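Consider the two complexes below, in which subunit A is the common component and subunit B and subunit C are the respective partners.
Moving on, here comes the complex of A and B:
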């Protein structure tokens, strides 16, 4: 717990973490302002055509974009540096001379990265929902099953949709942790998951993988498509959670082993 | 380790069949079409109608060489019954790799706006273009 508390304090003090929170908080309202000033609508993106009809469309439009590009970036900025920064500053030795084992340091740092990622996701959710309601009010949202969704149901489904991003977000955090420990480089820890995410997106866009696309870590980011409807389907959600868990375990186990067996003298 | 490396491509290949088939796109399209049709009729001032009462059926397919998978050459022909009259319409679809699709109505049958004949209130036509998604999980 001490490592977790200390790591959270350290993360909070970092300028790029503050910048990530600023982006989460201010990005959606700024996007809403730009959309409000335009006459055209982003009709090629899900819910883009409804952003001026219903306030619940904007958070889902932002979600579609964020799930593809922004969330992997935000979580990599947090998790890709928590270990490599000790290498960069040469502080491993002083950290490990305190009465904490390597396993405790690993657990504390991973938990700090995960909690910060969850906080970023929560801030973006709230910010985009408030921005959407300010832009277009609380009129019913045309769901993906064709029928309108009223105020209470639409609010619940928007929050649930954003919450469904949590498993792949934590999967990306685990990937960033592995790269951060393996390479000892913040650049690889932050940029590596982004690059891998981009490759996965391109593979999915090619459309040649068929159902095999479901094993990619980027696919669960779209699981919310099954929720925003009168008759939700949960297959992609459960499958995405299992795939994300597999990625997280597949990254954290070797990452922990690497750290525990590394020569840091 | 070698066995594991061999198993991964085999596993991927076994699950490679695309879920974006006419048999799965059709019902997804019908569901969204009937919902948007009911909304269109409400905007035209009619009493609420249940989407299920339209008894809609759709036949979807690709106009190009491929028969399934993502692409911009999908069309759906939908037949339905309303006010005791059978009708049919054709929509063009863009089906994306993530299982979501966008339908466009032809301008002749689906104008950009609909006007309530009593109140003269103009609204965006819910059937001019609309989106849907289908379950692509295993």
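Moving on, here comes the complex of A and C:
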């Protein structure tokens, strides 16, 4: 817990983490401002046609973009740098000569990266919801079947949809941690997961993987689509959670071993 | 009990041998110098002592906690000096007082500015402060005077002397032989991953010295000499270790030859070191 506490203190002080939170906080309102100033609507995206009818449409529209690119970027900025930054600043020797073991340092840093990623997701969710309500008010959200969703159901749908991004988000965080430790480079730690995410998206688009597309870490980002149907189905959510867990374990186990056995030179 | 006792240390990095059967013994409460050319394995040894590098073989025992730094001490540039120390202290079970260590390394006035704008010398002092914060029994310092101006270097020497006077053992790795000469009681000379000499600094300087000998019977002394002797204006001259000199003197006495004078030249430390590691 000591490592976690001080890691969070350091993360809060880092300019890039502050920039990530600023993007989370200000991105959705800026997006709403741009949409508000336009006469046309992004009708080819899910809920795009309703952004000026209901305030609950904007957060789902933002989720469509964020789930693919922004959330992996935000979490990579945190988790991809959390270990490699010590190589960059030469601070491993000071950190690893304290009373904490390497295993404790690893656990504390991973938890700090995960908590910060969750905080970024929460801020983006709230900011999107507030920006949507400011843009179009709290009128009911037209469902995909045409049935309007009232205040309570629409809010629950938005929160549940954003929350469903958490498992793949943490999977990407674990991937970023592995690359951060393995390469000892912040650039690889931050850029690597984005590049791999792009490759996974392309593989999914090509459609050549068949059902194997479900094991890609980017697939669970779209699992929330099942929630917005008139008869919601949760299979993709559970499947996505399991796939994300497998990715997280598959990345964190070798990452931990690498750190524990590494010579700090 | 020795502050550091290491036997037959071996470490290889990607097929390159950094430590090759090194032995080290450091007496407690002393300033012990570590000398040797680049690539001798000094920094690897310090990393082993700090627990940063795992040994391939050998035993290393350190009496108490170890603090210090290797090469350039790291710090988070977006935090102030005090905040850096707060993070380090937060990861220790029983850390020292931050204000006290800042005062000790003379950084109190700049402690609340971000480290990103600090000079190398200030970072070196922060590294020492971070090491002291652990309340170590052994402080490991690798070229601590790097980046320090002459005044800063003198202050650092005073600081190290003060720490040793307080009972702390300091293992000092330095290329600055004057620093080693002034500060260290004992030294270990390393070359190619091994210890090639250890003992007091004075002994290192005297070790390869040429001896000038005058006897009551030089021709007979020459016949008894265990090493080649050269003629010189003031008598016979030869190069030998202390043990050989002792044996020679006893042999002369046993043969009834009086030793009228025996002088050992004291070599500059640099020359002594150069001859040792050659």
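Criterion: the second predicted complex is superposed on the first by the 260 of 265 C-alpha atoms of A that agree within 3 Å, B and C clash if a C-alpha of one lies under 4 Å from a C-alpha of the other, contacts with A are read in each partner's own complex, and residues count from 1 in each chain.
Here is the rule we go by: contacts are C-beta pairs under 8 Å (C-beta built on N, C-alpha and C of every residue); 3 or more make two chains touch, one makes a residue touch a chain.
This one's a predicted model, so the numbers in the text were calculated from it and none came from an experiment.
When the two structures are aligned on the shared chain, A:264 is found in touch with subunit C, with no touch to subunit B.
In the overlay built on the shared chain, the residue A:204 is in contact with subunit B alone; subunit C does not reach it.
Comparing subunit B with subunit C, the partner in contact with more residues of subunit A is B.
With both structures placed on the common chain, the touch criterion links A:97 to subunit C but leaves subunit B unconnected. When both complexes are overlaid on chain A, the residue A:10 reaches subunit C alone and has no touch with subunit B. Once the two complexes are laid over each other on the shared chain, residue contacts for A:2 go to subunit C alone; subunit B is not touched. In the superposed pair of complexes, A:89 makes contact with subunit C only, with no contact to subunit B.
By the touch rule above, subunit B contacts subunit A in their complex via residues 12-13, 15-19, 31-36, 38-39, 51, 69-70, 97-100, 102, 124, 126, 129-133, 135-138.
On the side of subunit C, the complex with subunit A involves touching residues 13, 47, 50-54, 66-79, 83, 86-88, 90-94, 127, 130-131, 134.
Interface residues of subunit A, counted against subunit B in their complex, comprise 43-44, 46-47, 49, 53, 142-148, 204-207, 209-215, 219, 222, 225-226, 230, 233, 235-236, 238-239. The residues of subunit A lying in touch with subunit C in their complex are 2-3, 5-6, 9-10, 13-15, 86, 89-100, 261, 263-265.
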